[in-house]
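Each in structure tokens, the structures are laid out below.
You will see chain A twice below: alongside chain B first, and alongside chain C after that.
Moving on, here comes the complex of A and B:
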């Protein structure tokens, strides 16, 4: 079991190396897309932590993501033009998410509500927040200069009397003692700082969470997942362990939400929505909740598949001599992929889950742990070939697949 | 004059019209008490109430001089009572070592817990299987692991619900040795159906019937008791068949 865990860590390193090179090798667009996969991955990891770690399914983990994003946005919009940095916004977003998770967690776990209801309660929470956020379109919904904006999302209200235009949520901006001017983490043609920020935070949170899982809190949580009454009879106040882990997972989701708002410089009620909540569950289920890496892998797979399906046009040309049945099938195939990519995504997901019910990462790590010799000799070149192909494809149009 | 460690008075649990438990009982410190009784006598329910897994309808439980009636399970455990449930409840996906470590960590911390867990592995004879998931263990091995988990935290009172269920004769002998050893430092109450096991332990026996204490005494006295034979030993053939 320890071996499987170290295989996971090595795989994370193998994935990290090409990710470090992404801004050099690709156009800013790719860095931008990968950053959002990592942000979703972070959110999925927080769900994996509480779901895989303690067996508590938080369907509405997005509630904490959204609160983090909205709080960061509201504070950031108000302070950025005054202080030129977002320190307070970062702290405020994190605190808001952690506080919400702590309150909800307290009622769920100390209120003796069965864990089965955790998914329903958190889903209700995120949907209530969705309904609320949608209803904030009116002029009266302002926090300082931050307009909540209902469906259209949050923005900063410029004062027309002073000729200041509306403005967006600021990127993560630091102005620490010793710095001559503030530094903003952006992702564009000039700078990949925003990408490295997301990558750095992801790595740091992954490492910290890994340590957490191996601490007493993590060990007892896993034991609770296995048999809660047994763990209580050993002297552990299981409510506290669940509460603590849930709050930490909420804070991580909030952190991801802040990165999201800073990355897109935007947040709207969709982050609280059912579709996003379900996607997050799908990332974890697909990637595998037994490892913390699973959420990242699931988010990347779904993200990739989505953008791939948006580009491909299967059976674009139907041979003129094809019979009516073949023509019909090809035509149907094309229309399904073009017009209902979600159907294809769903089918892939169901297929994977039916074959690998624990997701894609556990069997991978098991193979790597058992066959250490050739396992790595297979994985490393595979990652390099894939990476090299993507580079050649994007920079020189040398696409094989 | 030994001190009572557990005093149960008027303890009652009702399931609808069925009075599953209704008894008074005193256990002295250092005892190894056997609790027997036919199926449905209320032994497991009694244990569940003692260990905080279920609230009684009436009556009190005093443990180490404190009224623990209605306490949460974890608080009872912290006061030094541990239990092995009748249904196997090892932490299946965790390794054998991790099972013991979680049980020991509460009292002795991470490091100390590791040491105690390793020692306990020796005692229950599962050192070779330390890294196997508990779910791979045989039925008998799981029972020993549970006995180990119940005793690694150095409790003052250990409740064991059918620790030899499904064991071979050799395995039962080993369990008896384990129990004797455990009894050197802790008071033990053990529920068993296996009369050979009870005879091997040969201590004070309490017979439960329909939720109440029906008889109490040495094994010889119990075996001579006509009433007990009627409700329980008279069905000995039945048990012999079942095992």
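Moving on, here comes the complex of A and C:
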């Protein structure tokens, strides 16, 4: 067991090194995409923490993500022009997500609702928040200057000289004592600070969560997952441990949501939608819930797969002289590609449950732990070759695969 | 409140209850009898609605024939899914949930590929009748009748037929039932098919009053699950009582505004305020909050509470 988790840590380091070099080696686009994969990975890790850790399946982890994003956006839009920084917004977003998770967790775990019911309640919570966020399109739905905006997403509203002007959610901006001017974390041609912020937060939260899993809280949670009545009969208040872990996981999901709102400078009701909730579960399921790294791995695999599918099948216009069968096949292909994310997620969920029960990372770590000699000598060059190839492909157009 | 307003109010509460019963019946059957959470139930509902759409629009069948066809098609689909996937996962409740969610996403995707993502309507010929100053749709009365009929037939089926006795024996003690010569895998398959068929019937009945769109199941699945969870372990009475309690709350909050909050938006005309209550959306919020509070008090649901008291 010890060996497996040290394999996990070493693989995390092997993945971290190329990630540190990404802004130098690639165009800003790549850093942008990888940043959002890491944000999704962070969200998936929060789900993996309670699912793998305590056996609580939350379909509504995205509810806390969305609440964090909306709260960060609302506070940030209101305060950015006055204070030039987003410290309050960061605290507020984190507090909002943790508070919502604590309230829902209190009712679920202190009510002794069974695990299956807890999954249903969290799912209902997300769907109701989706319905709420969608119905806020009217002009009356504002918080200070922040318009909730319904389907169109959140924008700030200010008076310019001619009419009402819109402005976007601010990026994470720090203005600590001793700094001469505020510093905004952005990802563009000049700066990769936003990318490093996401990477740094991911690493820090990963390390902290690892420590949490090894602490008393984490170990009791694992015991609850394995046999709750026995843990209770040993004198532990299982309700409290589940509640605490659920609240912490909600706060991590909220943190990911804030990074998301700051990354895209935008948030809309899709974050509460079914597709996003499904994709989060798929990341954890595919990556493996036994390891905290699983969520990141799953997010990267699914992200690559969907964008690859979108590139491979051409969106060419159907030639006018094509026969009926060609027209039919091209139209069908086009429609399938348009629905690819849903179809891929559905197929992965069914496939992983039936075939690969624990996801991809546990077998990988087991192999690395058992065959340490050649396992690492295969993994390291593989990562280097892949990374080098991507660099050559993007910078010099030397693409082999 | 004048008499006609009161009558309309009662009819609207009855309509809320009807919709919840229709949505939850098949789900309660599958969950209560087989102890599995079927997240594809919403898509069974959708497939039922699309069967009506396809048979009336593309095959030009009469509406009632399409509505009779829908439960059969969906029951067949349910049986196929039970044989292909769920059969392998009995005893792993969480995995059943994930697999049926995968099925649900696949079905949404496939329906969208086939029919497109647009909302389509199904025309029907019934009109309104008048209650004092108000008009009320006749079709809603038809829906309530059908829902009551479905509940009664499920009750009679499980209470008085040989199939019902075998199914209940299988649920109570699968090993003993199997030893007594009952083909238990077949019973599970048929119960699942029946639950799916009921969702198909609900989709078919509600298709004319809601827009038919591939994601329509998602809108209802949360309410259906809440109804089942609040109902507790006794399938029919639990569903009926929780649907009544939740439907009452939903209809009342949807109808009456509670209070308003003034905001600083740029509205035309100027007074900018949010009205809490008085719309279908707040009815759903109230339903969720009420359900969570109720489960805090009665963790086993309403019918579980009765069972404890006995």
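Methods note: the second predicted complex is superposed on the first by the 353 of 401 C-alpha atoms of A that agree within 3 Å, B and C clash if a C-alpha of one lies under 4 Å from a C-alpha of the other, contacts with A are read in each partner's own complex, and residues count from 1 in each chain.
The criterion applied here is as follows: contacts are C-beta pairs under 8 Å (C-beta built on N, C-alpha and C of every residue); 3 or more make two chains touch, one makes a residue touch a chain.
This structure is a prediction, so every number in the text was calculated from the model and none was measured.
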{"item": "Chain B versus chain C as contact partner of A:142, first or second or both or neither", "value": "second"}
{"item": "Chain B versus chain C, judged by how many residues of chain A each one touches", "value": "C"}
{"item": "Partner chain(s) touched by A:30 [first = chain B, second = chain C, both, neither]", "value": "neither"}
{"item": "Partner chain in contact with A:168 - chain B first, chain C second, else both or neither", "value": "neither"}
{"item": "First (chain B), second (chain C), both or neither touched by A:306", "value": "neither"}
{"item": "First, second, both or neither for A:78, with chain B first and chain C second", "value": "neither"}
{"item": "Touching both chain C and chain B, counted on chain A across the two superposed complexes", "value": "none"}
{"item": "Touching residues (chain side chain A, partner chain C) in the complex", "value": "57, 104, 107, 110-117, 119-121, 123-125, 127-128, 131-132, 135, 138-145, 147, 157, 164, 274, 278, 281, 285, 332, 335-336, 338-339, 342-343, 345-354, 357"}
{"item": "Residues of chain A touching chain B in the complex", "value": "1, 216, 219-220, 222-223, 226-227, 229-238"}
{"item": "Residues of chain B that touch chain A when the two form their complex", "value": "51-53, 72-74, 77-78, 82-83, 85, 89-95, 98, 101-103, 105-107, 110, 131, 133, 149, 153"}
{"item": "Contact set on chain C toward chain A in their complex", "value": "37, 85, 88-89, 93-95, 97-99, 101-110, 112-113, 116, 215, 218, 221-223, 225-226, 229, 263-268, 272-274, 279, 281, 284-285, 288, 291-293, 295-297, 299"}
